[in-house]
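In what follows, chain A forms one complex with chain B and a second complex with chain C.
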Partner chain A sequence: MTFRDILASIYTNYVFRRFLFFLLIIWIASTAIFLIPRLSGQDPVKEKLLLEAQRGGHMQAGLEEMAAEYSRKFGLDKPLIVQYGNYMADLVRFDFGPSIAYFPKSVNSLIGDSVIWTFGLLAVCTFIAFFVGTIAGALLGWPKSPNFLQYIFMPILTLAAIPYYLLALVLIYIFAFNLDWFPLFGGYAVATLPEWSFRFTFDVIHHAILPASSIVLASLGFWALGMRGMMVTNQGEDFMIAAEAKGLRSIRLFFNYAVRNAVLPQTTALALSLGTVFTGSVLVEVIFRYPGLGNTLYQAIKLNDFFVIRGMIFIVIVTLGLATFIIDVTYPLLDPRVSYKKGS
Partner chain B sequence: MTTANKVKSNPSKSKLGIDVKDLKVHYDTPDGVVKAVDGVSFSLRQGERMALVGESGSGKSTLAMALMRLTRAPGRIAGGQVIVGGRDMLDLDEEEMRLQRLNEVALVPQGAMNSLNPVMKIKNQLLDGLYDHQVSGDEKMSKEQQVEIVEKLLIAVDLVPSVAEMYPHELSGGMKQRVAIAIATSMEPRVIVADEPTSALDVVVQRNVMQTLGRLQEGLHASIILIGHDMGLVAQFSDHVGVMYAGRLVEVGPVKTVFKSPKHPYTRLLIKSLPTLSNKKDFIGIPGLPATLLNLPEGCAFCLRIGKTNPNVIPWVNVAKDHFIQDCKNCSSYGK
Partner chain C sequence: MATATTKVTKDLTKKSFKRRLEDFARYIRRNPSLGVGIALLASLLLFVVIGYATYEVERFRPLSGGPDLAPFESDPYNPGTRDGGYILGTDRQGRDVMSVMIAGIPLTLQIGLIAGLIGISVGTVLAFIAAYYGGWVDQVISTIVDVGLTIPGILILIVIAVNIQSGLSVQQMGLAVSAVAWVWPARTIRAQVLVMREQLYVEIARLSGTSGFSIMFKEMLPNLAPYIGASLVGSVASAILASVGLEALGLGPFDSPTLGMTIYWNIQFSSILHGMWWWFGPPILVLAMIFVGLFLITAGLDEWSNPRLRKRV
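Let's turn to the complex of A and B:
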């Protein structure tokens, strides 16, 4: 076996171990989601149904049918261990059961409808904010940068101090309400149906600009400040002084020495931030009435739609776990000091 | 090696390696100006080695960085000349100075434990300095050339060629310092500044690394300034010694002469305080505390330490061939 082969085998082993760890986290978390509501001694399903029945509203007709469906589906009369087994079996098939509020619509279809909106908006915004913020921070933390950059970036950094939902309200007030450049809310025009056409795509982008701007502007400062801090710290490191003593060109000092090292903690933060991409901006979605997961979660909490909430929590856990898994597997490629050694 | 790409200004016209004249480096602090290097002058011929000793805080590292013209805020070079290859480096523009580094003056950094880029392979850290000194118009090095150069540089510092593919964290402290030496000598500089190059290593490794550094410096016929707080070790590897106190050189001379008959009272105390086999028990410290360099009075700082005052400007006196001291005859008998 060559040196390369040995490395490769250790790497695959490492990846495999990390993957098992990822599954373990999800298993523990799902078990917690299963147990905690039961520990409270209350049954959210029964409570919800009772509440609706007391109101004597329009749900009266479907009530018996629903209760029967739930009892059958979750075997609530069966021992806890059997219930747990059924629950896990459902999870493995990504079946989160029916929604209570929108019965008989399934949690899956509710989440499925909104996931693409959130993912599109937030993943794109997170990447834009990460790249622009990191570049701005790198330039701000570099002593040889021209001074005018300070004047450009500093006001942007102060935006980091403003909560993104406040920024969203300000943007709506100025650009949608006063100037009428952008729509006030929604993911697409009310009268249209989602389809793959140029007009619809344009409409979606038009609707996304304000929510996207509030997310990007508010998080830009976070990335820029983090990067600037690391750049300044690195500046005092021995290897930076030694590199300058080598008479390297500024551009190489900047990219291969300063930025290359300062960006390491940034990538960890990026992965974690992508892990919360589905729930990271509930408020922005609510304010803009954006048809994404955050809004769905908000509605579910308002309507006490237990299975939707549970499905969302599960998704958050899986994305966070996945993000951690991706960091674990890719980080050694970025930082040779973190190696694919046993037990690490 | 890369000699084809080198533009050595004024090739071996003078035998002078480095000539430092009245160099001043000040730190502007909120409490006032710290004169960390205050009028230091010395010169070294090519191939000569000078040990620079003095207590911690006496300004050795500040001087080393100024010799590379790498003084950073709040520090600034407040005056003087650093002449290498017939040119005063303090007069060059930034780009000219950049090209001088590594090519004419090279640094073996202090605390070599962290002086390499942690995320870069050793071979690339050996090569990038050479790339950035290639005269424009030169074609890039071929792969074979790169491998050959890296191998040659590593072997010269007693490392195996496979180190090229490693990262700094895979090397021991001594190996890292050898890499730092390989980098510093990669362009055959005229002057090498080594700031406590072995202070983080254990004694046996220190000696070996010093021998490697000495061998390379001799081969290149470069001048070397060897900084160390451990007077015993650096003096062994040098032919001249400079003693610094409170930002000033108080005595410069051939190692043998200075050790046998130190002229300045501070040097005398420094030598007396060295632990030797015979007098391990009655270790003599230096009385008083090192001077704070803030708002130093004109004249002799050492007098203040030993409880005297001397407001005069201290003359620089030639006491023997190549042997100079700061002396005003006020307390020259102190410590005898």
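Let's turn to the complex of A and C:
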């Protein structure tokens, strides 16, 4: 085997190609984030600094320091390509600079404070929605399941069309404002400090139920619809007919044949849905004033804190790209028909 | 003799418009989701038309009435004239909520239509170019589309909107959203063209020396029209979703009473904590009707254009 053969085999390797794709996502996204402000001809950072300078007040102290940092960072006198290089070098080191509104707090620490809330909320919600939605879809797409299921699940399927935050507004009005079963906002009670105690954990769960339900209810339908479609498609396949002809019991047909094959595309859909779930949950967090990434992003938009917006969007895209990569790479383990070796 | 055969084949392949309409009506009866979806949107449009004809829509502007008035609560700021109050009350800044709804529905639909139409046109052209030419052209386009699918469009839209800021208009909002609206159509239509390219009539057209351009636009495009129509509804829906999301985040046209801006003002002034149901209720209801309506129409059209899905509803 020559060196060239080895190179060729690495290039055709599935994992390697997926990794290249992951890098490409990050490169295209970060380039877009770099170019868009320059295309618009406006400079949100400078405008924000000028605004703060005019206003004076508490920002005054960090202003000069910040302006220096700002011109050093972007080297505005240098050509575009150098600016681009500097920007990329910063991104590679995950250095997003300081927050403008909360100077000298860094973008990273702002994101670090809130990431755990969003991660916890979304991980639990996605798991529940995936699990329940897939089961519902499997039952809906199975010809032998009782008819009344259609009437129970159909309204839930239509909820798939409604954005999470509209549902959040309705839930908060009914269950928090009118019935007073759940708190109106926040991730934990106002007077407490985060700690690892039984009471605090219970408080966090109590606060999370409403935001979580709005995300789960609104995303159930997506999973149910996808699963139902796959179940219906599988119905006419040869392996289903063969299994039925063998006289296998219904329950075995359902789980080992129909569901086993229909659930595979659901896992690829999982990769694509992560982005939707995150962006959908941004406004849910805003509405519940949940202390997660979405709320931080909203505050940053309101304060025109461009570094925070940029850093957060970059981190979210890297996370999504990474999740997609992991799902893509593990997919052949679930579905032997997709092989590692051949290029897509 | 020869002309007679062509005439017969023409009659067989081309149904009259009336016949198509009858087919469609029969299909709606069999596939209620399409009918319900169209009915939902039609009722909203009817509401807008009647509203513009009979109601003072100009009161969508702030300070048109007293703030925070419940429905039919008399307006202390306009004594004598507005003792009966307003049908849906007013918001914190004195907009008449009823006027906001009448003015807002067409604006929001307009954003969706602009972005959806641009998105589907660009997506279709890219899909045809990629699928027909194949090779490295396809590789480049498909890779960009795959990347675009992984990056949530709204994040890119946030960066765009944060940078424009100097008061977007409704049309600019539509244009901005169209920047990410072409990705999904490009992907799905490309898959359809790939399947279609292998079909016999395309093969025959190619063998008989028809040019690539006219195969694409004279043979394949008409056959894909129902599918493209169904995806248009879908992309209008996702464009509206994106625009309402941006607006609710405070990145929309501030002086236009779109539905998303109404949601934004609701969040901004915590209308729920004040129990102002007449303010947050209508935009939620109308947006739900738009989204569910478009969703049902997409589902219905999908089945119509792709009969394999018809087995079971």
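Brief remarks on what is shown
Everything that follows uses one rule, which is that the second predicted complex is superposed on the first by the 298 of 344 C-alpha atoms of A that agree within 3 Å, B and C clash if a C-alpha of one lies under 4 Å from a C-alpha of the other, contacts with A are read in each partner's own complex, and residues count from 1 in each chain.
The rule we apply is simple: a contact is a pair of C-beta atoms (placed from the backbone, for glycine too) under 8 Å apart; a residue touches a chain by one contact, two chains touch by 3 or more.
Source: prediction; values computed, not measured.
Superposition of the two structures on chain A shows chain C fitting alongside chain B with no clash.
In the superposition on chain A, A:I111 contacts neither chain B nor chain C. Using the contact criterion defined above for the overlaid structures, shared-chain residue A:K302 touches chain C, although it does not reach chain B. In the superposition on chain A, A:P336 makes contact with chain B only, while chain C stays out of contact range. Residue contacts after overlaying the shared chain place A:Y173 against chain C, while chain B stays out of touching range. Seen from the CA centre of chain A, the centres of chain B and chain C span an angle of about 70°, rounded to a multiple of 10. By the touch criterion defined above, A:T276 reaches chain C but does not reach chain B. By the touch criterion stated above, A:I241 is placed in contact with chain B alone, chain C being left untouched.
Of the two partner chains placed by the overlay, neither chain B nor chain C lies in contact with A:M230.
Which of chain B and chain C touches more residues of chain A: that partner is C. Minimum C-alpha separation, chain B to chain C, in the superposed model: 10 Å. Taken together, the chain A residues at the contact with chain C in this complex read 21, 24-25, 28-29, 32-33, 36-37, 40, 42, 44, 141, 143, 158, 160-163, 165-166, 169-170, 172-173, 177, 184, 229, 232-233, 235, 271-272, 275-276, 278-279, 282-283, 286-287, 297-298, 301-302, 304, 306, 309-310, 313, 316-317, 320-321, 324. Across the interface of their complex, chain A is touched by residues 65, 68, 70, 98-103, 106-107, 109-120, 128-129, 132-133, 167, 169, 180, 183 of chain B. Residues of chain C touching chain A in their complex: 143-144, 146-147, 149-152, 154-156, 158-160, 162-166, 237, 241, 244-245, 248-251, 263, 266-267, 272-273, 275, 277, 280, 284, 287-288, 291-292, 294-296, 308-309, 311-312.
Interface residues of chain A, counted against chain B in their complex, comprise 237-239, 241-249, 252, 256-257, 260-261, 264, 334-337.
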